[in-house]
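Structures incoming, each one as structure tokens.
Shared chain: subunit A. Partners: subunit B in the first complex, subunit C in the second.
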Partner chain A sequence: MDSNTVPLLDVRDLTVEFATRRGTVRAVKRVNLSIARGETLGVVGESGSGKSVTSYAVMRILERTGRIAEGSIAFSGVPLRELPEREMRDLRGREISMIFQNPRAALNPIRPVGQQIADVLRRHGQATRANARAKAIAALEQVRIARAAERHDAYPFELSGGMCQRVVIALALACRPRLLIADEPTTGLDVTTQKAVMDLVTELTRERGMSTLLITHDLGLASAYCDRVAVMQQGEVVENADAIAIFRAPTHAYTRRLMRATPRPGAGLRDLLPEGAAPAPLPAPDPRAGEPLLEVEGLVKEYPRTGLGGWLARLAGRAPEAPFRAVDGISFRVNRGESVGLVGESGCGKSTTSMMLMRLLDPTAGRIRFAGQEIGAMPTRGFAASPLRPRIQMVFQDPTDSLNPRLTASRAIADPILRMGRERGAALQARVEELADLVGLPRILLHRFPHQLSGGQKARIGIARAIALNPDLVILDEPTAALDVSVQAVVLNLLQDLKLRLGMSYLFVSHDLHVVRLLCDRVIVMRQGKVVEEGSSQQVLENPRADYTRELIAAIPHPPV
Partner chain B sequence: MAENPALPAARAPSPLAALLRHARHVVGENPVTAMAFGLFFLLLLCALLGPWIAPHDPLASDTARALAPPSLSNPFGTDHLGRDILSRVIVATRLDLGIAICSVALVFVLGGLAGVAAGFFGGWTDRIVGRIADTIMAFPLFVLAMGIVAALGNTVTNIVIATAIVNFPLYARIARAEAAVRREAGYVQAARLTGNGEWRVLLGTILPNILPIMAVQMSLTMGYAILNAAGLSFIGLGIRPPMPEWGIMVAEGAAYIVSGEWWVALFPGLALMLAVFTFNLLGDGLRDIVDPQRRS
Partner chain C sequence: MLRTVLSRLGTALPSLAGVVVITFLLTRVLPGDPALYFAGPVASPEAIAAIRAQLGLDQPLWTQFAGYVAALFRGDLGTSLTTGRPVVEDIAARLPASAELTLLGLFIAVGIAVPLGILAALRQGSWIDHLCRLVTTAGVSLPVFFTGLLAVYVFYYLLGWSPAPLGRLDSFLSEPPARTGFLLIDSLLAGDTEVFRAALGQILLPALTLGIFALAPLARMTRAAMLAALSAEFIRTARANGLGGRTIVFAYAFRNAMLPVLTTLGMVFSFLLGANVLVEKVFAWPGIGSYAVEALIASDFAPVQGFVLTMAILYILLNLAIDLLYGLIDPRMRKVA
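Coming up: the complex of A and B.
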């Protein structure tokens, strides 16, 4: 009766402030949220929207500079804001628990995972020394970890990312809490693993009648797993409605913009941009288009197996185990002016392949022909001096990691020109400004250091640096994986315009088939070092032949359109 | 977060101005760091202007006034030859600081380069540098320094070399670890793609990114270098009397402590302690200043 009307968690007018050097910053402004018993609420927003801070405030684990300035938080009627820290500690883990983004970082690396679960159980009086082990194994079994008794004694580094996240879920659910807060629980996991983990969370919480607060930047994920969705922008909830309603008919302009920017079946590259953004006219295709630019034949990369097993085998005089084949004899080609997508989950060998093509890694066997020249046999050490070096460039996955923190934006863009180009002095400056204009980086930002720039701006610098010498082939290694969807939409469009204008070819390495489809003419799907499927983007997405491709496509959540 | 509205659109300030502003903030936030900087400038002043600010000639002996206790004319008292201890303490700053700075600079270049190369190239370079460092660490460091000075001869240059050698493993190991972490970083790969050869990547990309960490290390080992130089002089190696040097002065004064003339050893010892203390605090402050995590 009462329990049906009083929400489990009721957040009213929550305002969170952070004291910084430039004064007080309001990260969360008068946010109202409520979660009913058994309900799953999705909080969706881009980075910096305050969605994580809201959840930290609920758990009262804000960092030292942050404080709840206003508002109230009631958990089944108990005001959490005023609760003494001692009682709060009891509540955390027993009543409310949390799953964090990086499962490996959330686990203690030097303690077996089963014991970590037992620790939580014993801390909250759910188990005794005698039965802790059995209970921990039972908890592992509940999250579908096969051979749970054996895995009980495994260390986090011995488990895969998906497996670690299951352990974290087991930890979070061990004390049967009433509210689960999941903060980007599947970011960094492969799509098929993401689906398995999310299905598991949904099933377990439903079984126990738990409520879930799912924080995510992925609209597709929110639509697939939430009952209700709250959209946050710059610390405010701009829309809060039923999940189906919000995706069918978003009322707020920001929600509409987010929806548009999310790659989905049936939407073209231009459809991702906000309404009214004029698409640039497409220039005439390159007359040389269609000639083969890059031909890869039977490319293999082997890594010798190291460790005790190999040693013992050698001691015993047995043949050592066959070396690990990260890339197992793949062949494909990229024509001039063409975009080819290389898709696969982590560990499938796609990054190893791109490093070999980039001549940063020597292949074990196979041939790489670039513009008619065999480059696979050229050693990587000397390739920096090769005349072919400026013609193959790369845009890296993490825009922050790929910029030298000690170089300004203009110096970073000028770097390839200084090494391999001819322009100097004023001509160099003019070329850098031209490149900045080309990638849409305001010239005023050219004097800034990477830490003074946003993710999207850093991505633009990475692209400007890659195209500075007019390369023939650019390898894009998940260039938008670290970006928000709206920035991703802009960057993908930028890449497409640049390709047409400069007549480049792209090899787009990604795990997301929907993103690859937008930019690429052809798609190659890799698994365990082998090519499982190859064909035109449309054919692979709409009519996949391989089971694995079908599985990949089915695992990607997307909002109903 | 396409365009961050929090960042002012005005012309970006020069990096030096930004660093100075940041340094001012760190110093303002932490009075201990401010004190360390103050003491550091005092030491620097004594080192640069010592002979001019010392009230008496540090070498002029006056046996009539031997072992006089602290007084107005000799605030730190006089030693067994009647020399003014305050003047000797001030003038000695230049020598002690000079030895420390030279040896730290030497080990910074040698240890830093060897360590960076070991971390970056790995393989044989790493093994050779690692074994050299292990060999040095296998000896008690002060005894090793004593042996080097005794073998090479009793000069200031040899004290500098000995101090540098005993500090080598510390620098090489830090530089090696930092370079090894950065070897596979995205921006290092990007530098390779933009046509930088291996050596250019090492010197132009990796080394500048390690310098701040090494600079902190320099300040921290500076204190140890001063102690090492003074220690060598204390046991009679290195600097010879009558040259004013803190270590010798403590050694000379030690004999008089039992007979009640405490000031002969105490004041040079205090100066030594203060210098070591200053550089250690300075290292902590520098660490805060160069830490990019604290720059917001």
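Coming up: the complex of A and C.
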């Protein structure tokens, strides 16, 4: 056979099983994939679809409990499944390498990053003790790390998330492999960093004629960077086609559902739901709508610079360095019945702002007026006892981490009522059931613990808990960031229904403009503690005035519409 | 580096002051009257009063305390009533014996526990993992006086492999010139292999007894820390890059696992400093622990205060050493310090 027609990677009928306490679980079922030389294949699916397990099986780095039960894996004609571990180890990193989600955790925290690259180079005989340093620096330079010689001796905790991912890429590409497997390489990174990282990967792999397997849950990312896409659902490949074709005319029902659920330009909130899901009837608008509920004026939060430097300066009687301004004089307003989005990348001060509004942090300066009363000056501790406290609630980013693992769903929902509400006994039980119905959580799940529930169900508990006291304002801190797109679509719609039904206002904190646009009437874009742009959702997304907003919008990949 | 050391020592000063006050007060509220004890059962009340005045026990408490602190600043810990010698001299003579025993016990414990813990983590569920579990369970459940007596019974009485458990050195041999106070090192420095072998024979059983006791927490912690490190994401990265077993186990996993092991080591060391009293008693070891216990029974205040103060200083130095080692292993700690 001609070497050009042999695919670089050919996976046939791959089945992976895990031994669990409840018997054998098939995580991957008879999967067929192939990647040609120089091609980029996207594997798309939601959590639990088996996409990462497939790639671990190819690399043969499954956990101890997992094993390849059936099928064959051929890498440029070499059968990998039967290869002795010693030879497989030579192949990893030199012929096939991998980059991972959460780059900071993927690097050894106590070894200088350059040395980690040198370890790989020396392992594969591509560097000697004498030239390892120079070669590692060269590898860092190739991933566009400025001052590479200096960064060579840095530890992962001294680098930003995007920089760490560059190091992981340098690690993976150091030995010039022929296949790169990228497992959710940009999840958790800011959109502009995501774009920079993905552009870098594409450029480097194209330059070297490498093939790439891109594993992602993000259809937009797959459509922007892949030649072909395989869609996985519950361990099976349900559709495998050319990237443009799959997004223009998806044939499988699951692909269509995924496509629909992905936020994209031109699609409204209701468009995300599966076809046939009836939108909730709209209740009469709240007569008080439009009155100001929350007014923020010149809000500032400063943090003193910590460390020995500041201490010594004080000791010597010199003025210490200027404190760090996390939030730098922002002003905005949220009206009754209105949803306002607070958008920005990590470190822009959006979370600090929401903490100050919740009165979990004391502002350095500025005013927060809620329902006509000044709350910014109230001490943080006193606010818990304030009658205004039940009227501001919050939904947190991680539905799992924000629930006490030892409380049942019903106890978690009852928590704010027990602290600040009046219902007790049967009335409390009835209220919890009413809330569960409101958020669409089946009543039979109420006695379960968080680990017995899915991500979407946990998100519903978090929402039920937040609305238990009939708040006027709910602060939503990236409430869907940890959820799959189809669950995200349902949760966003639920939030919208609840808002209309209960007449609440939302402050939606997020990094994703497309998600914010779906739910919010107005959007505030923050950068480095300052507001760079404010306006109606439509205006900000369609006619952004600030360069930074334009950059943010351009960085979000979305499937072709 | 020097600045870190000095600032750490500076923060230890309040604790030291606290130790001085508390030991002074504690020894005063303990039951038993030293004057009565030393006057003997047939002494007349006048004789007892004379002894009390001589010891300064008739003074108000704060005068006694002021005198005590003033003496401390001169490096004077008082005089032991039982031995009749300055406490500083007694402690200086006995501390090396305890330190040698504790350090050797700790070396034995680390030498067995760390490899055992690593192997148990690498081969989870294998025979070595079960052996590790057995040894650690035995180590925590057997009290040191029991293992000590058992060792003496088996190795001295039954087998006769070990010399009589009577102190550091056979009384027929003469001690080498003291340089470090550690017989094993001094004898080697003097080139006296006969004394070295005899001292080793004497110290081996008590050190093993201490070692078995100290081994359990160390092996458990090593195993747990290695398991945690081996399942970390950066190990997966290292495997995906083809790094070999040895690099992964030592350069990647074990260096990360060392932090909790080091913490445990510090705790075990401080336990041993106090816990070797029992071992010293069983093996008639002329150490600082048995010295303190005898003084306490005799209501002899000065040696007890001196002992507690010495232990506090040792403990502070030990913690300092461990903090500095942390910084060496983990760059993130250096930043914090």
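Assume the second predicted complex is superposed on the first by the 556 of 561 C-alpha atoms of A that agree within 3 Å, B and C clash if a C-alpha of one lies under 4 Å from a C-alpha of the other, contacts with A are read in each partner's own complex, and residues count from 1 in each chain.
The rule is short, and it goes like this: a residue touches a chain if its C-beta (ideal position, glycine included) is under 8 Å from a C-beta of that chain, and two chains touch if they have at least 3 such contacts.
In this text, all values refer to a predicted model and were calculated from it rather than measured experimentally.
Trainee: Quick one: is A:59 in contact with subunit B, with subunit C, with both, or with neither? Answer first, second, both or neither.
Mentor: Touch partner of A:59: subunit C, not subunit B.
Trainee: Looking at A:454, would you say it contacts subunit B, subunit C, both, or neither? Reply first, second, both or neither.
Mentor: first
Trainee: Specify the partner with more touching residues on subunit A, choosing between subunit B and subunit C.
Mentor: The partner making contact with more of subunit A's residues is B.
Trainee: A:465 contacts which: subunit B (first), subunit C (second), both, neither?
Mentor: In the superposition, A:465 contacts subunit B only.
Trainee: With the two structures laid over each other on chain A, which partner does A:93 touch: subunit B (first), subunit C (second), both, or neither?
Mentor: Second partner only, subunit C.
Trainee: Using the superposition on chain A described above, determine whether A:416 touches subunit B (first), subunit C (second), both, or neither.
Mentor: Touch partner of A:416: subunit B, not subunit C.
Trainee: What residues on subunit A does subunit C touch that subunit B touches too?
Mentor: Subunit A residues touching both partners: none found.
Trainee: Give the list of subunit A residues in touch with subunit B in this complex.
Mentor: Per the touch definition, subunit A meets subunit B at residues 20-21, 46-48, 358, 360, 381, 384-385, 389-390, 393-394, 396-398, 401-406, 408, 415-416, 419-420, 444-445, 447-449, 451-457, 462, 465-466, 484, 486-487, 490.
Trainee: Within the complex, which stretch of subunit A touches subunit C?
Mentor: For this pair, the touching residues of subunit A are 59, 61, 64, 89-94, 97-98, 100, 102, 105-111, 119-120, 123-124, 155, 157, 168, 171-172.
Trainee: Write out the stretch or stretches of subunit C touching subunit A in their complex.
Mentor: By the definition above, subunit C touches subunit A via 124, 232-234, 236-244, 247, 251-252, 255-256, 329-332, 335.
Trainee: Can you list the residues on subunit B that touch subunit A in the complex?
Mentor: Listed in rising order, the residues are 1-4, 7, 9, 11-12, 15, 25, 185-187, 189-198, 205, 208-209, 292, 295-296.
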